[in-house]
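What follows is one structure encoded as structure tokens, with my remarks underneath.
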């Protein structure tokens, strides 16, 4: 292993095209003259399980596995996967996250454990790490182009900005590996993703439309009966009943947007709004 | 002109209902009303209607109310014990202002009583059976032809006044077969439908005639229906002024329009010295008795209300000024007689002929009675 | 996602239910299910009986019918038969649905009319002040069982399974996400669907049985499923068993699902009578 060896982690859930994307990355790297090693884990696709692929490239690569805190780029096809794998990115590296959320059955349907542990989208997580973050909506972009299955090519377009090889290698790899007849749409998807990378590049903070800052907790005190359920279920202790028996927000910055308080408020008195929800509306 | 046909009373009821536009029937078997259900299940599928046999009479009227709220013209039919069970939802239909028709083929009571014997024992239950203050519209046909005619009228009145309407007749009328000519052309009334902006819709709006326009569920108007005292939005209230105004309106929308509702047949009353007050099947015997009395020189007359509620007090008061004596003949131990006494205000002597033994009142019976009363009248 | 308040009669809020009563959570989960399914708001009819749970219908911005005690399934039957295109949902309680209205409920299930019944079980009569219900566990205190209830209680889901309901499920009011999912399944199920929602009554059941307030009761629900735990472990969900035996498990989730002919009344094409 030499210092020139770089790593990429692709992570998503079954059915998103993670494995194909990994093959395209590897093919593009070979076309660019690199030695590459690739490893992947899959097999839980039917259950929405996690699927990931590690790729390492450079003049001479020995091991296929990307060590922690070393990856140049993490391409997360799904929000929770971004959180799962973000530790693998080196300081100053890049995280490309599709804002899609796919809640695996185990997280919301496990009736024995009342699991609602799906994390809220919280870009703060990456801000702290000095990462170059690109938040994209690949599914919508691909849908607009005519085929949601090209979402992985959108993600690759954004990823390409951080891999240091010429776009022509990427496009050649895509043309050779995607299913016959979908070459054009996948190339268009790739270019759309590439534009996202550039458009978001100047941003000092990861703030694409609608996703910046903590969630906002709104309490409608005229409906609230101060029953204390919300404060008892909040995992982040954002809410509390004060000495006068009235509900208040004690830590507004800690809200991760899990919405437990909102869903368990019998009086419809709590609303959780995503960060900069207004921006979403105006841009929507 | 239609042909004469042989029709049974309960069948005439079903024919009348369908002619009036009834397209929903929910009921539960009970003697002697079951024949109505057995006819409705034959007629409705061909008339774009639906028939359902429910688990009891409470459910039957609930289903009828549900169907009416969905825009159907709906009815049920029952007899004494089942009528008792329906009282809960008669009150609901009054309060929520749901048009529907309830037919009660009366049999001997109380309780299970005499299932196959005629009776007129439910007259007060038809008026006051459900709890709370309310007005009532109750029709009492006395023949097969009239069952047809008044069933149609019951639907029309229900639609006009947005309220439940009850038809009462006894086991004899229900099971009698008569040759009748059913009319070709009928006047049909439909409920006034809501129009305009759904956001502005007030299901219990106060309108000049006291009857708010009605929307059906599924028509694009979203509103609340409740048996609790409620405001113009139909939403529960405990405001005494709002609740009081609602109760007053529910009364006045019927009571202020008695002239549209009350229907009394009088026969040979103008010069009469004495009159028989009788309704339903007894009215038919009474008519024959009056004719026979006249033939024997007694100036008898007949007052036969075809609508028993609202009570035709003005007709009674006018008759009381004319005659010396009013004989009230009814197949119970005294129900409408109290109303007659109240309406007569002492202007005529009131004599009751009351029996509740399951036996009909024959013309001969009533003629003997008239003869006795006439003898008493001439012997002050 | 639509703002859930789109389906709420905001002008009627706040609702009448007590602080900590989980019934409001159930309404919210139902509205979320309506939103997920993108049901046409004008074509949803909510039919209720009498009691705390039945009051929910008044706050939902659909066609809402607040009927009489226990009779909601019968009202709903007439409504559905007359307007089959409506999505008809009954909201009822354990007293409303299992005591005074038990007959209507089992017959609606037997007929397999295409409606959904949500029965909110709080183990007590709340609206009338905490009297024992057919679901009050043996031993539990109510205003009419001051020394502890001696009667056996109904298992609502077992009852409905026995009555032939083609969809039977039980969910916990503390689990809004599963509740919404099961409600959506029930609404789309072809035929009669029944959901027992295990809810709470902090004001009466909680106070009489020292089970805590709404927060405590709700949280205790989450820790109990197959294994009954929490402050009510010895008292709650004891169905049809002598009190000396350990409490049986309380299964949640979809317990019965089958497809059989839907009842649509006797209407045109159904009879060969002329």
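Note that the chains are named A, B and C in the order they appear, and that numbering of residues resets to 1 at the start of each chain.
Everything below uses one rule, namely that a contact is a pair of C-beta atoms (placed from the backbone, for glycine too) under 8 Å apart; a residue touches a chain by one contact, two chains touch by 3 or more.
These numbers were taken from a predicted model, which means no experiment stands behind them.
Student: Along the shortest chain of touching chains, how many steps lie between chain A and chain B?
Tutor: Tracing touching chains, the least step count from chain A to chain B comes to 2.
Student: Look at all chain centres (mean of CA atoms) and spot the one farthest from the centre of chain A.
Tutor: Ranked by distance of C-alpha centres from chain A, the top chain is B.
Student: By CA centroids, point me to the most central chain in this structure.
Tutor: Going by the distance between chain centres and the overall C-alpha centre, it is C.
Student: What chain pair has the highest count of contacting C-beta pairs?
Tutor: Here the largest contact count links B-C.
Student: Could you put a whole-Å number on the gap between the CA centroids of chain A and chain B?
Tutor: The computed centroid separation for chain A versus chain B comes out at 71 Å.
Student: How many angstrom lie between the CA centroids of chain B and chain C, rounded to a whole number?
Tutor: 38
Student: Of all residues in chain A, which are in touch with two or more distinct other chains?
Tutor: none
Student: Scan chain C for residues touching two or more other chains and write them down.
Tutor: none
Student: So in the complex, the part of chain A that touches chain C is made up of which residues?
Tutor: 108-109, 111-112, 114, 116, 222-223, 225-229, 231-233, 263-269
Student: Which chain C residues qualify as touching chain B in the complex?
Tutor: 9, 12, 41-43, 45, 47, 57-58, 61-68, 71, 73-83, 85-86, 103-104, 107, 264-271, 273-274
Student: Flag every residue of chain B that touches chain C in the complex, lowest number first.
Tutor: 23-24, 26, 41-42, 44-46, 48-52, 54-56, 58-60, 62-72, 74, 88-89, 92, 216-228, 235-236
Student: Taking the touch rule as given, give the residues of chain C at its contact with chain A in the complex, in rising order.
Tutor: Its residues touching chain A are 4-5, 8, 13-15, 17-25, 28-29, 32, 172, 174-178, 181, 213-216, 218-219, 222, 225-226, 252-253.
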